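Paired with chain B in one complex and with chain C in the other, chain A is shared by the two complexes that follow.
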Partner chain A sequence: MITLPDNLKRPFADLLLAVADDKLMLGHRNSDWTGLAPILEEDIAFSSLAQDEMAHAQALYQLIAGLIGTSADALAFGRKSEAFRCAAIVEAPDEFDWATAICRQFFCDHFDRLRLRRLARSSDKPVADLANRLAAEEQIHVEHVDSWMQRLGRGTDESRQRMQKALDRLAAIAPSLFEPIEHEHELVAADVYPRAETDMFETWRNELEQIANDSSLKLDLHPPSPQTIGGRRGKHTEHLPPLLDEMCEVYRLEPNAAW
Partner chain B sequence: MIDTQSIMNVLRTIDDPEMPISIVDLGLVDDVRIEPAVDTARVSIDILPTFVGCPALEMIADNITEKVGSLDGISAVDVRFVYDPPWSVDRITDDGRASLKEHGVTVPESGGKLPVPGHSGGAVELRASAVKCPFCGSDTTTLESSFGPTRCRMIYYCQSCRNTFERLKRV
Partner chain C sequence: MSGSANVGVHVDHARDEDPAKMAEFEAKINAGELLEPDDWMPQAYRQGMLKMAEHHANSEIIGALPEGEWITRAPSLRRKLALTAKVQDEVGHGQMLYRVSQDLGKSRDQMLRDLITGRTKYHNVFNYPAPTWGDIAMIQWLIDGAAIMNQKTLADGAYGPYVRTMKRINMEEAFHFKSGEDMVLTLMSGTKMQRQMGQEAFDRWWYPALMFFGPPDKPHAEQLPPMRWRMKTVTNDNLRRRFINRFAPAAIDLGLKIHVVKKDDNGMVIERKPDENLRLDETTGNWSFTQPDWDEFYRVIRGNGPCNAKRLALRRFSYEQGRWVRHAILRGNAGLPPAA
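Entry: the complex of A and B
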């Protein structure tokens, strides 16, 4: 049972929404590749990634729904874009460019694993238990994407150039993942979102830069710029509304239908 | 009066919908609690999901409710999904491992360090592995796909007997 003080419920819900919304959008973008990935194995992989991320989001939405009194479906499909807490990078379309899809996964999967490991130490036990389990699954995503960074970065001149271009483009918006939610410091002070053991941004940057380097790619990450943040507080890029229109089209026809 | 043993016996007859072994051998059953009442008992069963949101979970819960609920002396069955302790391949019993192997599904060794498929530090080794083929026992196998027909499985290929086989992901 959740024994969270009332004043922390909304911030905690926002924090968990940031995790779940990132996963839902990324899962939706992953599912675009079903039937279209360059090789069969990756068709299976991206379809599985989509399934994983959506299942993770659903489990989180169920916890959030209990916290603020709504349903998982209403959270996933019944909100307006300003109520979402996802970051700019998961909103960006990949234009069916494989290098972009891989690089987006690279930034997001590493960040997701770090954030889940931190949440796994939360004083809120149901969230900690779930986050611990999700981090183990996210590990598989990280290994998958890292092998693709190396394969393409060290592949041919063309594959390396295309990867470098995608990496440069996304490196500008990837730090948007680190924008704090409102009142995050209160959650940290209450140990609901425990302080990171090492600076999260530095850890992420070091992890990614090393793998990029091993993959013959250049990566230079900087803390989020004011132009790329806002998502964690409901200010989104122009890419989110059309994504939601597509994702929620069926739900909106009959929001109270039983599935 | 109903006892835990007879409930476990029933649970042993329930197979995982996606794998040819019982949910007990798969290590999904964490706890069975019996709350006696006047002449019937309520039963609570804690199940550990393999993967979060695995689509087989609802089917498993329904099967448990139906089969355990049909035992004499039980008024209600409450199936809960819990993540503490987290399920891991280490929970699969020896019988379960043998049965999976017969069906061409291998399981990472109990307690072993994860041999990461397709990832060994700085090397590009998408196809390196030392996974034994469940059919012929050969070590000359290659990882075909780190994702598979369900969320918990990967696909391997045996160069010796030229069969594909599956392997559970280590979580």
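Entry: the complex of A and C
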């Protein structure tokens, strides 16, 4: 933190917001399954996953709040849609389709693990330490979701078809995760967001394709077009505003009050 | 939360139990020993325990629904996390109690199907609405509070697997109660709007909390099978008295007013006035109070409460949308579900 020049503060906050906002939205979507998942044992496990994502978001918001002078709750509940930095895929609703929920988690967890491992090498020590801790938890998520891909991909004809459909639908928006934030190259140059050791998109695609193949599923992923401007720059899908209206419904009744 | 206070045990007198075995069974119960699933027990006891554990399990997973609806609306990160974990606990209680029931001879799928088709019941208290965040605070304070009181006495029962499950559950319930207390305290020391939200929610939940313990005692409740066999160890009215003695003064301390209310068909309060019978009898240490509307209680139990249809519909939806997943996991070639 000591060495971060003023002109990198905002981009760094944006980068961390991208991580935290992805996690908050994903955790929020997943938490909606608590009490309604297909099997009681998995209801409990999936809820733990949701809680991890939201707790990760909270820890990151606390760091960001220190960086730009606000509070974690104000970041989570007090921003307008265009101030969020999450990617399109975490905004996507699942309509209580378990295949969609699992596939969404599949794309996001693999990406998150790579991104956190990269942040764990940051020259910013507090962020590096936190990312290191979170990456270890993501490892457990990845294993959990991979095993669901395999079980449902190789389960019955119906489950394979449902999974393939969800995978195809989400594969179109999953690369949105890779959209860079504004001034990302400056953070890379300053080693705050260290260069990836191998091409991140290729690594991600290979990981996912391998699991998909093991699961009797087909996966076709294309790198995001560099011209696309989306969630990382505050341009969101139509799903974000209603999500925020619901999430902030009580908070907005009395934004300055303790709840 | 939850806790099945009132499952009737039907004793089939036509069925002759071996008198020697019966005497041994009752001696064990009277000596305060725990019964295990493989021990001999009269058919009525086994059926009664199954009915009780199944009803309790149903109540846990239906009880997850009203609060589950508010996870996505919780007003801070801390509350959002705590509420998700709380509802997750309730699902975990359901899972443990279905295990106890399964060991008494009924499959989980059959239990879930009987629940959504209305063949079996769940606790009446979950048929009331939770229209605001204040209701979530009151549920965690009053209803989890009532559940702890009830379940502590159930943990003194005689059926080993159920007793052990109650002990585990009660440790988690203590956290729910603490967090409920904190939510209520936060609201009641907040802005005018927050205090009003708290009072209105309290008005909705006070009587369901009193009804939580079940209808007034039948004569000689202690001699009837549920208590004689220590399936239940304290009567409904005694539990209710303990609850009032603890919660009436606590509510008053928090600045809440205890009202007698009239509700519409949706469970919303349309009339309220202070409970004029509410007072502490210094000599007995007991609070007197206006009894709940027991006609309403029976109306709701028969399925005509504000939220009966809604709760069952959501449970059915969950059962149906998850069917293909269970089918793939249990009958596919990929084996058992992944461990949590």
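Simple rule for what comes next: the second predicted complex is superposed on the first by the 251 of 259 C-alpha atoms of A that agree within 3 Å, B and C clash if a C-alpha of one lies under 4 Å from a C-alpha of the other, contacts with A are read in each partner's own complex, and residues count from 1 in each chain.
By our rule, a residue touches a chain if its C-beta (ideal position, glycine included) is under 8 Å from a C-beta of that chain, and two chains touch if they have at least 3 such contacts.
These numbers come from a predicted model, not from an experiment.
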Which of chain B and chain C A:191 touches, first, second, both or neither: neither
Which of chain B and chain C A:250 touches, first, second, both or neither: second
Which of chain B and chain C A:58 touches, first, second, both or neither: both
Contacts of A:199 with chain B and chain C, given as first, second, both or neither: neither
Chain C versus chain B, contacts on chain A by residue: C
First, second, both or neither for A:35, with chain B first and chain C second: second
Touched partner set for A:150, first chain B, second chain C, both or neither: both
Which of chain B and chain C A:48 touches, first, second, both or neither: both
Which of chain B and chain C A:220 touches, first, second, both or neither: neither
First (chain B), second (chain C), both or neither touched by A:159: second
Shared chain A contacts, counted only where both chain B and chain C touch the same residue: 40-41, 44-45, 47-48, 51, 54-55, 58, 144, 147, 150-151, 154
For the chain A and chain B complex, residues of the former touching the latter: 40-41, 44-45, 47-49, 51-52, 54-56, 58-59, 125, 129-130, 132-134, 136-137, 139-140, 143-144, 146-147, 150-151, 154, 214
Interfacial residue positions of chain A with respect to chain C in the complex: 28, 31-32, 34-45, 47-48, 50-51, 54-55, 57-58, 61, 72-73, 76-77, 96-98, 144, 147-148, 150-152, 154-156, 158-159, 162, 246-247, 249-251, 253-254, 257-259
Footprint of chain A on chain B - complex, ascending: 49, 51-54, 82-84, 86-87, 116-119, 122-126, 144-148, 151, 155, 169, 171
Residues of chain C that touch chain A when the two form their complex: 61, 64-65, 68, 71-81, 84-85, 87-88, 90-92, 94-95, 98, 133, 186-187, 190-191, 193-194, 314, 317-318, 321-329, 331-335, 337-338, 340
